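Both of the next two complexes hold subunit A, though its partner changes from subunit B to subunit C.
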Partner chain A sequence: MLWYFRGIGKRKIVEFVLLAAFILFFAGPLLNLVVLAFSGQWAYPDLLPNQWSLRWWRFVFQQDDVVQSIGLSFLIASIVTVLSIVICIPAAYAFARLRFPFKRMFLFSFLLTHAFPKMGLYVSIAVLFYKLGLMDTLLGVILIHMINVLMFMTWIPTASFRSVHAAQEESARDVGASPFRVFRSITLPMAMPGILVASIFTFLNSLDEAQGTFLVGMPNYKTMPIIMYSIITDFPSSAGAVFSIILTAPTILLLLLSQRFVSADVMSSGFQVK
Partner chain B sequence: MIKGRKEAVLGLIMVSPAFLLLLIIVVLPIVQTFVVSLHSEDGGYDLSRYAFLFTDRLMRMNIVFTLKVTVISSLLVLLVSYAMALFMSFSSGKLVDLIRKTYMIPLFIPGVIATYGLINLLGNHGWLSRMLLPLGIALPRLIFDEKGIVIANLWFNIPFTTMLLTSALAGIPASVIESAKDIGAGRLSVFLRVIFPLSYKTFLVALTFVFMSVIGSFTAPYLLGPNSPQMLGVSMQQVFGIFREQEQAAAMAVFTFLLCSVLGYFYIRSMAKDEAARM
Partner chain C sequence: MSIQLSIRGMAKRYKTGEGVSDINLDVRKGELITLLGPSGCGKTTVLRSIGGFLKPDAGDILIEDRSVIALPPEKRPTSMVFQSYNLWPHMSVYDNLAFGLQIRKKPKAEIRESIADVLRLVRLPGAEKKSPAQLSGGQQQRVALARSLLLKPAVLLLDEPFSALDAKLRHEMREELREIQSQTGLTMVFVTHDQEEALSLSDRIVVMNHGRIEQIAAPQNIYNEPESLYVAQFIGKMNFLEGVVEADVIRVGELAVPNAKRLAGPAAVVAVRPEDVNLDSGIKEGLPGAVKQIMVLGHYAEVSVNLGKHGIIRSFQSKDAAQALSLGQHVRVSFAKVTSFPKE
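Up next is the complex of A and B:
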């Protein structure tokens, strides 16, 4: 065994250990939850559960507010996604293709959503919502979810529209396609990966949003992450682990489906000029 | 000429819904909060809510604690992320490939879940302490402690920062690095003279994001931080939600804006410059 390691060289071993530590650091907490969710009994200091069981899954699905929160979360996330597509995609197209006054100022104004620390911004919004009577309303919760997504929902599609070569659009025009037809058959399909990534990111972002909802939506709008806050303090850790998996499942599913399109380049175009 | 005007009107119309939304949910609240924070207890206007931040002992402790956690977290995140981004860009191997494929997953994991996982993993009698027990190693107190918050910050921010830096490094042409090597530059000087200067802007953007996300964080410090001192995000929520002191919460919010204002300003300006360069 030892000669094998010596053959690889010290640098390689150090590299291997560091990379493995990196992976374990990120995978550890999630793996722990998976094990917990299927454990029936897990006494200290045993390394693995003494008994495996699905008992906590039944328990979690019997809680009424848990089941309700799942429906509510998906409803809110869908509304937020549709609304932000309707509002942001036209703006993105305009930023990429049209000339209009103050274009740069408009484009950069979206940076404001990321130029303030989140909790401070949420408290500011809560102060305003309190005055407007938007506390504890569906509209209030949806608006607070839109803050996080406004920027990349505009910027990622802007970058995608820009990457469609004008020459392709022009040649379609030359053979007689109407402007709308060009948009539908050339521009939109080519910009689709970026729009898709932005939409999925929006959906997940809304599904996972906890802090703002906690501040603005209490006590009636208990989405999944909010329920999670109380599960963590009130229930045994296995119940929390089960709910964690339920809350993470849509994320994993959507990620697997969109894996082809999600890349560091596309994603980071939502946060900086490239 | 007329075509140009039509285009201008169309552009403005297409942008206006998104811009209006931005005004309502970002600009208006910030202005309003600033005004509210100046309300004094007797109905007039003064800076008493801000003075409280520095005269109250607990509040002062919270501020110092927040700054300390933020600085430590930002440094560690940038260090690890830069190293990781460099490694992924210029190395190969099975493990690196695995990381390249998976490192973005934490970006999509709900913050509450990751925090909960960390509590279970690192807590008293948690999985890690069970694993280390046979080796005779006892873990220090991590959860409900400042270390726990820093660890959670690393978990949340390293993937995002690595993503930004990786995409910046990918923009550096291999030929530039090759030619630097050809004229005899060592690894270190390639990094200092070529790679860093070409990516330092993204480096600063990344710093801005980490700094702000830590100062404005709530979930992790709320669930796994100590009861006192608190991070400002948690303290703000309590002042607003439990003590119902809107004016005080507003002053705290404005204070966190001020803490981040330099970086925020820099971020917007540097983006604007880049955009100007490419338009």
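Up next is the complex of A and C:
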């Protein structure tokens, strides 16, 4: 055993240990969550449950408000994603292509919603929503979700549109494509990876949002993260684990999907304010 | 031969103050014409105006006797090859080439056949399925050229298409372009800042400077008979000496050259190509000077001679003649052929 480690050198061993710690840190809690979700009886100090069961899965899916909240969460996330695509993609195209005064300042202003403590922002928005009658409405919840994603949804596609060179659009015009055809066949497909990543971010962000929804949407709009709070406080931890997995699964799935389309450096290039 | 492209009184001014004015140019059918000049001289402005990417402030552009000035790029019978970023990376070579033909609603079989043909013409047979990222810079430019050739444009526009390539490849591409032109008989307008490229490629060269046309002529004529001091400076190597006009002759020290252009004077500039500068050590005529430097450049040598108050003159000599000279040696300088310009 020792000869093996001597052979690979100190540097490699340090790297290996760091990697192991890293994996343990990230995968450990997830693994624990999965085990917990499928356990029937698990007494301290045993390493694994003494009884496996699907009891808590059945329990969670029998709660009416849980099933409703899953539907509601996915509905809201879908609406938020579609709406922010409709609003932000044209804006991103304008930021990338047009020249207008204070362009940089406008682009930078999207950071504002992320510059303050969220709760403070939400409370001031809630005051406004009261006056407008948006409290406890679907529109109110959707609006508050969209505030969170404006930045991703504008910055990342802006960078994508910028990476399409003028000559590439012009040569499409040159061979006979109308301006609209150029956008549809050349510009948009070339910017698609960035737009896709931003959309996935948006979808996940909306799926995950709890604070704003709690403030604006209660009591009628209980999304998955809101229900999560009550399940964790009211039921054994296994029920919470089951619910966590339901909440995490789409995240992991969508992130894996987005990884197929773009590399990390493309994603991060969306955050360069030029 | 008929006029394929005609630019009449074109002008365009940018907010920066730069631009072009008074552009008049007729290009004959099947001609390859080069717009040559330093960066910022307006050559790209003229090209982009022909292609429809810029709207001139004044003037008209006619292609096959029809004004195209009001048409957007997609409606013009022109096609352009850009300096770089010609291809769409999300499409295969085939799709890049087929895009224009699909817009024109050509039948599929015909598209496939003509793409195979054009790829053979640009020496990339069978490259249909490759993606642009798999191609080298030179190959990408060939595909871009092929895409333009497919559309059989009335005028093919080339905006420094080879400037991003290395010297050897640039040379090859020039030859290939010339061959393609003779095969297809296309009318081409080529923009470059490289005088060697212009001299080797063109039927005629348009030399531009500060947004104006300085001279339009065949390469040999541009070289042998530059019309302005600027063209003389810009094309090839040239020596300039100050002279005094005396009726029929211009006097440079002890040497008198004919005043062929009947310049009024009193001062004039005499221009001599280095290959027209003769060095002799045995004779008494000519300008006296001393050999300052001898640089052997392969099969020939560049000899610099100090002419005192007339400055330093460069002369191309054969390798053997140069070896017969030594540094500091006194020689007499005479000219085989000169051009003269009024002093500015």
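One rule holds in what follows: the second predicted complex is superposed on the first by the 253 of 274 C-alpha atoms of A that agree within 3 Å, B and C clash if a C-alpha of one lies under 4 Å from a C-alpha of the other, contacts with A are read in each partner's own complex, and residues count from 1 in each chain.
Operating definition for what follows: a contact is a pair of C-beta atoms (placed from the backbone, for glycine too) under 8 Å apart; a residue touches a chain by one contact, two chains touch by 3 or more.
What you are looking at is a predicted structure, and each value in this text was computed from that prediction instead of being measured.
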With the two complexes overlaid on their shared chain, look at subunit A and say whether subunit B and subunit C clash or fit. fit
The chain contacting more residues of subunit A, comparing subunit B with subunit C, is B
Scan A:Arg55 for contacts with subunit B and subunit C and give back first, second, both or neither. neither
Given the touch rule stated above, what does A:Ile186 touch, subunit B (first), subunit C (second), both, or neither? second
A:Lys131 contacts which: subunit B (first), subunit C (second), both, neither? first
To make sure I follow: the centres are taken over C-alpha atoms, the vertex is subunit A, the ends are subunit B and subunit C. What is that angle to the nearest 10 degrees? 90
Which of subunit B and subunit C A:Phe106 touches, first, second, both or neither: first
Determine the nearest approach in Å between the Cα atoms of subunit B and those of subunit C after overlaying the two structures. 9
In the complex, subunit B touches subunit A at residues 4, 7-12, 14-15, 17-19, 21-22, 24-30, 32-33, 36, 80, 84, 93, 95-96, 98-99, 102-114, 116-121, 125-131, 133, 154-155, 159, 163-164, 166-168, 170-171, 202, 205, 209, 212-213, 215-219, 222-223, 232-233, 236-237, 240-241, 246, 249-250, 252-257, 259-260, 264-265, 267-268, 271-272, 274-276, 278-279
Partner subunit C, residues of subunit A touching it in the complex: 165-168, 170-178, 181, 185-186, 189-190, 192
Touch list for subunit A against partner subunit B, complex: 15-16, 19-20, 22-23, 25-26, 28-30, 32-33, 35-36, 44-47, 86-88, 90-91, 93-95, 98-101, 103-104, 106-121, 123-128, 130-131, 143-144, 146-147, 150, 154, 204, 207-208, 210-211, 214-215, 218, 224-225, 228-229, 232, 237, 240-241, 244, 247-248, 251, 255, 262, 264-265, 267-268, 271-274
Contacting residues of subunit C [partner subunit A, same complex]: 51-53, 72-74, 78-80, 82-90, 99-100, 103-104, 144, 147-148, 151
